Amino acid sequence: MAETMTSKSLPLAKAINESLRRALETDPKVLVMGEDVGKLGGVFRVTDGLQKDFGESRVIDTPLAESGIVGTAIGLALRGYRPVVEIQFDGFVFPAYDQIVTQLAKMHARSLGKVKLPVVVRIPYGGGIGAVEHHSESPEALFAHVSGLKVVSPSNASDAYWMMQQAIQSDDPVIFFEPKRRYWDKGEVNTEAIPGPLHKARIVREGTDLTLVAYGPMVKLCQEAADAAAEEGKSLEVLDLRSVSPLDFDSVQASVERTRRLVVVHEASVFFGSGAEIAARITERCFYHLEAPVLRVGGYHAPYPPARLEEEYLPSLDRVLDAVDRSLAY
Amino acid sequence: MAETMTSKSLPLAKAINESLRRALETDPKVLVMGEDVGKLGGVFRVTDGLQKDFGESRVIDTPLAESGIVGTAIGLALRGYRPVVEIQFDGFVFPAYDQIVTQLAKMHARSLGKVKLPVVVRIPYGGGIGAVEHHSESPEALFAHVSGLKVVSPSNASDAYWMMQQAIQSDDPVIFFEPKRRYWDKGEVNTEAIPGPLHKARIVREGTDLTLVAYGPMVKLCQEAADAAAEEGKSLEVLDLRSVSPLDFDSVQASVERTRRLVVVHEASVFFGSGAEIAARITERCFYHLEAPVLRVGGYHAPYPPARLEEEYLPSLDRVLDAVDRSLAY
Amino acid sequence: MTVESTAARTPRRSAGTTGTKSTAGKRAPAKKISATAKNAPGGDPELVQLLTPEGKRVKSAAYDKYVAGITPDELRGLYRDMVLTRRFDAEATALQRQGELGLWASLLGQEAAQIGSGRATREDDYVFPTYREHGVAWCRGVDPTNLLGMFRGVNNGGWDPNSNNFHLYTIVIGAQTLHATGYAMGVAMDGADSAVIAYFGDGASSQGDVAESFTFSAVYNAPVVFFCQNNQWAISEPTEKQTRVPLYQRAQGYGFPGVRVDGNDVLACLAVTKWALERARSGEGPTLVEAYTYRMGAHTTSDDPTKYRADEEREAWEAKDPILRLRRHLEASNHTDEGFFAELEAESEALGRRVREAVRAMPDPDHFAIFENVYADGHALVDEERAQFAAYQASFADAEGGN
Amino acid sequence: MTVESTAARTPRRSAGTTGTKSTAGKRAPAKKISATAKNAPGGDPELVQLLTPEGKRVKSAAYDKYVAGITPDELRGLYRDMVLTRRFDAEATALQRQGELGLWASLLGQEAAQIGSGRATREDDYVFPTYREHGVAWCRGVDPTNLLGMFRGVNNGGWDPNSNNFHLYTIVIGAQTLHATGYAMGVAMDGADSAVIAYFGDGASSQGDVAESFTFSAVYNAPVVFFCQNNQWAISEPTEKQTRVPLYQRAQGYGFPGVRVDGNDVLACLAVTKWALERARSGEGPTLVEAYTYRMGAHTTSDDPTKYRADEEREAWEAKDPILRLRRHLEASNHTDEGFFAELEAESEALGRRVREAVRAMPDPDHFAIFENVYADGHALVDEERAQFAAYQASFADAEGGN
């Protein structure tokens, strides 16, 4: 893509930063809040410079209490604000889980539609950065199971920019999972392109022999797997889900009806993970099309391991290709 | 079964009560703790009379704070106690979710096996009792996805009695989901029978045309469905999973290899629910055996509705039979 | 004859109220937060009381001014509010017994705490209740029949929170205190001089969320009043299971004042809440009010208090009845006559009848309501499931038609 | 030359210690809980100090007795502890820079708070740390190299908590205060007279879990000391983002005393913690100690404090350095000589070397460790996945073998 005035190459983290900046500029009701989001600009610098430019009442350093952060964000939303909340790391969202599940997710329904809670909960998630415990988890399934929430995860800078715009504009609470190990990956961002819908999957690469489905950090891995498979003469289609709830089953189904084989890849534990839901529903929708059972590649049913073991724990090129081979062997 | 000295007919709630009593008698390290478990004997009377007989330091009324309850139970377990914690209703477990997920589930692994946390978290769960919001939910998938936890749910008085014994004896944390709408259902309990393993499924009824899989409150419904189907000449096998994590896939597989059709029934939302995991794994294991996709009957992707709508929300005889018919139609 | 709350309010949520007694308008610039929490005016009274159980007006140097201008008419209004609230509550309890409601959480005994504090709020203030604030709802002008929907099981909250600035009932203990704090932060950001009041119980004081709301409100100096009705019991647990010191003292360690008020004294509750709300308005930040009262009835209609508490305790509190107390005061002051009480009795009866009729007429929700309002912007899966549900429902119609 | 903590302890977890200064044995029957929290002895001192920054010993009527019998040898021991802890910490920081550790959380500046409080504990006491209590670990006799495993990424906690009654590091802020409280409840149930100490930071004070641990410990009168190291910063947030009054005051509203101690004064930290632990032992329940100190370095090696704080602040605190202060005192008291310092320097070097070597020699964990210790009693799925993993791994070996 030719670089235009409105198109620039940005790391994913910076794309989110610019998206937040745009939202803060456009809508005086937008707030950014969380631990260390102010002067420090967040531990990943995603909110870098925002407090300086928008002030302490728009970009708010909060006390160290996640339930309090989400709970007060709900109150601010009730007052007409649109808070974008940062949870510092995936493993620290759980103190806020009660407020998210019992309040944020349900208040719209509880009020018979009278109350809207346009709150975005940003969560840097996933592993691969050599971090200590609680800093590498992928808890998306724990939110997708909960109705009332929307759950999305961009895989690249452009999606990060635009999906954040759309998440903030959404009148529903959105859990926004940011693939932290891709924060520094650059991508072209066109800040004027009209984006597709927030919850629509995107074919990243077309193929005919098998469909790889992923979202967030695993999309890149699947692209690499498709490259590697291509060298062996296998044509893999790669689908970036972008949204886990709602999940664009139509796009997955359409792809699988063509390729007849499906492998789902995510970092989260396989057991009760997104892959289970995708496998179950796609098998129901494509029962006569599937030449092989839907296979899943993901984390094991074990706590995310210490950094020196994470390579073995995480889906890798070889593990994806192994699943591809197993699927093709049917 | 003939009533012996050690066999008696008990409501499910009373079976748990007697099981707790036995544990308190047998092991001085066993504690019962929670809101209103003492003098009141719990809002469902499951702990009725226990404080009177074992005193306030064995049967402990706690402050109204679920995180505190589970967090201090962890500390007590570290000191060598075996706390059985009550969460008053399903919808109130979420304030404790952080302690459960980040501490209770992970401490054994974190300590490289040095620390064991034999904590049982009792949760009366599920709907069908005409209750107000937060009192009818089925959050089991949110615990099954988390490694380090075991998740079980008895369907009848005998299992309630014995599974509680086994859960308390287990050196792992066990989330014990009690089917509150079956609390008053009576069943024969033999307090001397040697039970099967805690995590093994049980064939409740043999059949040849299709397998119904359920646990907790839905087992009875599946039995009724099998009865109704039998009248139409359909032979359904009913499997009571008893344990959601670990999940006895071997037994499900064995059954499905015979019946070639599977319907999973649970109250929780279908989306990202137990049925997804069962469908995905059984499809993988029985790909060439299945004549139809695994079908799921469960709650909708919507908050548990107000009482006057719960009948429509919950799996019903008709909805189960409808899924059976759809499966058999393949 | 229709019966409405004395002060049915026009829906509005922003500042600049036209409310009678308010000096509405822009928020005063936040005062510098003092490094230590100042105590309530008048030192650290263990229990603020303006009316004795016998109805005698006692002086309070600190709080008299907040009720100084109160007219006999307003006093009768408070009395009327309490009587009608109690009548409504009794009717709801009866309706539960008759099977019209699945559950009821009675406020019996807490009328003064609720009417006193509720009447202290200004139209543009915002209220975050628990599940028991029927009296506060009354003061806010919420139609009492609306409160019954969730207890009947036809909805999870049957009113528009923004119509009366009265949020939906919150069942998860303590959660609403954070919503109140966030809302109050928003009020302050808007530069409005409204205040927010969050209700919670003695049991709730143990929840982490309540503590976090204290921290947030103190740090941001949010204009919020924490109104704790210490009714001595959290279901079966006495307050000693939650704290070993009086609850109002909790505030001080967070840097704002706490005060204990006689929760069965409607005048004292009115005065203390007014004081606290004025602090909020004038930029002095949060206050904790502990209304010391008693849950005269069961926790809810599902509860059996004989399991855990003695009759004598209840009897002792009956002598401090909030309604009786004000009646004695009104009578001693010659503010009432036979006619007033007779009229009120008729009004009560009418209210009871209206509530009864309204509940019985409340239709079951449409089945498709399950799928409504799950999302504001829609969700593909909900649409899909709704369609499946419709087809499934239709299949019965077909089958029936086919018979 | 091996370097060990001055008081390496034999593993034990029950009461009845043989520890030198303990009057171990059965717990005193719990005293009746007083209705109001008593203040720390000596009134409500804003800051307990026994050594000025210049090393001058100042008198404290309330706390002198807790360090009255301290010998020059013990003073030198405290000094040695602080110096070696700082050396260890510096070595770990260096190892992180060299890529041997993935992360390090330095305790630089907090040596007095940690050594003072750590040395106040008795062998049978139990410690619940955060992730920064390297000095306390040292006092408990945990081999410092064991602390490095989680920062290197080879484990999530590399020691047996029951060997030294020193729990694993807890990263989720505040969670451990509840574990400490529960453990202390268990101690009390056992009738033991051990005490428990829970460490947490100023930032942690905002977490609901910490508030709930205050409530539980107060209600059950649990023998626990809450030791808050207020190092002025929670990553980039100054303490004002967590509270608007001094943190030690938080305790009072929960019904137990709080005291602020100069966290850079090892003697004061020792004395105040001893006082608090003795309260716990003698059935007087919980205490909050706020050690007022300063995080001299970055939050962790990933942090860049220049983004959010000025150098001058750090410089001001350098003048209050905890090690320098005790050194001045020792020198002024003629308790040390050249030899002592030289020997300590050598010991430091040896410790540094040992840590370096141990870390470099730390092997990566076996791949199968992923599947170990997930459950104590096993789990079918873990077994299945382990087997699949083994087969998958073997397939490479096969492939390689086949080449």
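Chains here go by letter, A, B, C and D, matching the order in which they are written, and residues are numbered from 1 within each.
Please note the rule applied: a residue touches a chain if its C-beta (ideal position, glycine included) is under 8 Å from a C-beta of that chain, and two chains touch if they have at least 3 such contacts.
It should be emphasised that the depicted structure is a prediction, and the values quoted were computed from it without experimental measurement.
Student: Identify the chain pair with more contacting C-beta pairs: B-C or B-D.
Tutor: By number of C-beta pairs in contact, B-D is the larger.
Student: Compute the centre of every chain as the mean of its C-alpha atoms, then state which one is farthest from the centre of chain C.
Tutor: Relative to chain C, the chain whose C-alpha centre sits farthest away is D.
Student: Measure off the straight-line distance from the CA centroid of chain A to the CA centroid of chain B, and report it in whole Å.
Tutor: 31
Student: Centroid from C-alpha atoms only, then distance chain B to chain C, rounded to Å. What do you get?
Tutor: 37
Student: Taking the mean of the C-alpha atoms as each chain's centre, how many Å separate chain A from chain C?
Tutor: Centres of chain A and chain C (C-alpha means) sit 40 Å apart.
Student: Touching at least two other chains at once: which residues of chain A meet that condition?
Tutor: Counting only residues that touch two or more other chains, chain A contributes 62-63, 65, 67-68, 91, 94-95, 98, 102, 106, 109-110, 133-134, 147-148, 245, 271, 300-303.
Student: Please output the residue numbers of chain C that touch at least 2 other chains, ranges allowed.
Tutor: 155-156, 172, 206-209, 212, 215, 219, 241-242, 374, 379, 381-382
Student: For the complex, give me every residue of chain B touching chain D.
Tutor: Its residues touching chain D are 57, 62-63, 65, 67-68, 70-81, 95, 98-99, 102-103, 106-116, 147-148, 150, 170-172, 199, 245-250.
Student: Could you pull out which chain B residues touch chain A in their complex?
Tutor: Going through chain B, the ones touching chain A are 67, 91, 94-95, 97-98, 101-102, 105-106, 109-110, 133-134, 141-142, 144-145, 147-148, 245, 268-269, 271-277, 279-281, 283-284, 287, 292-296, 300-303, 330.
Student: Can you check the complex and tell me which residues of chain B touch chain C?
Tutor: Going by the criterion above, the answer is residues 35-36, 38-41, 43, 61-65, 67-68, 91-92, 94-95, 130-134, 271, 300-303, 305-309, 312-313, 318-319, 322.
Student: Can you list the residues on chain D that touch chain A in the complex?
Tutor: 102-103, 149-156, 171-173, 203-204, 206-209, 234-237, 241-242, 302-303, 307-308, 364-365, 367, 369-371, 374, 379, 381-382, 385, 389, 392, 395-396
Student: Help me check something: in the complex, which residues belonging to chain C touch chain A?
Tutor: The touching residues are 155-162, 167-168, 170, 172, 175, 177-187, 189-190, 208-209, 212-213, 215-216, 219, 372-377, 379-382.
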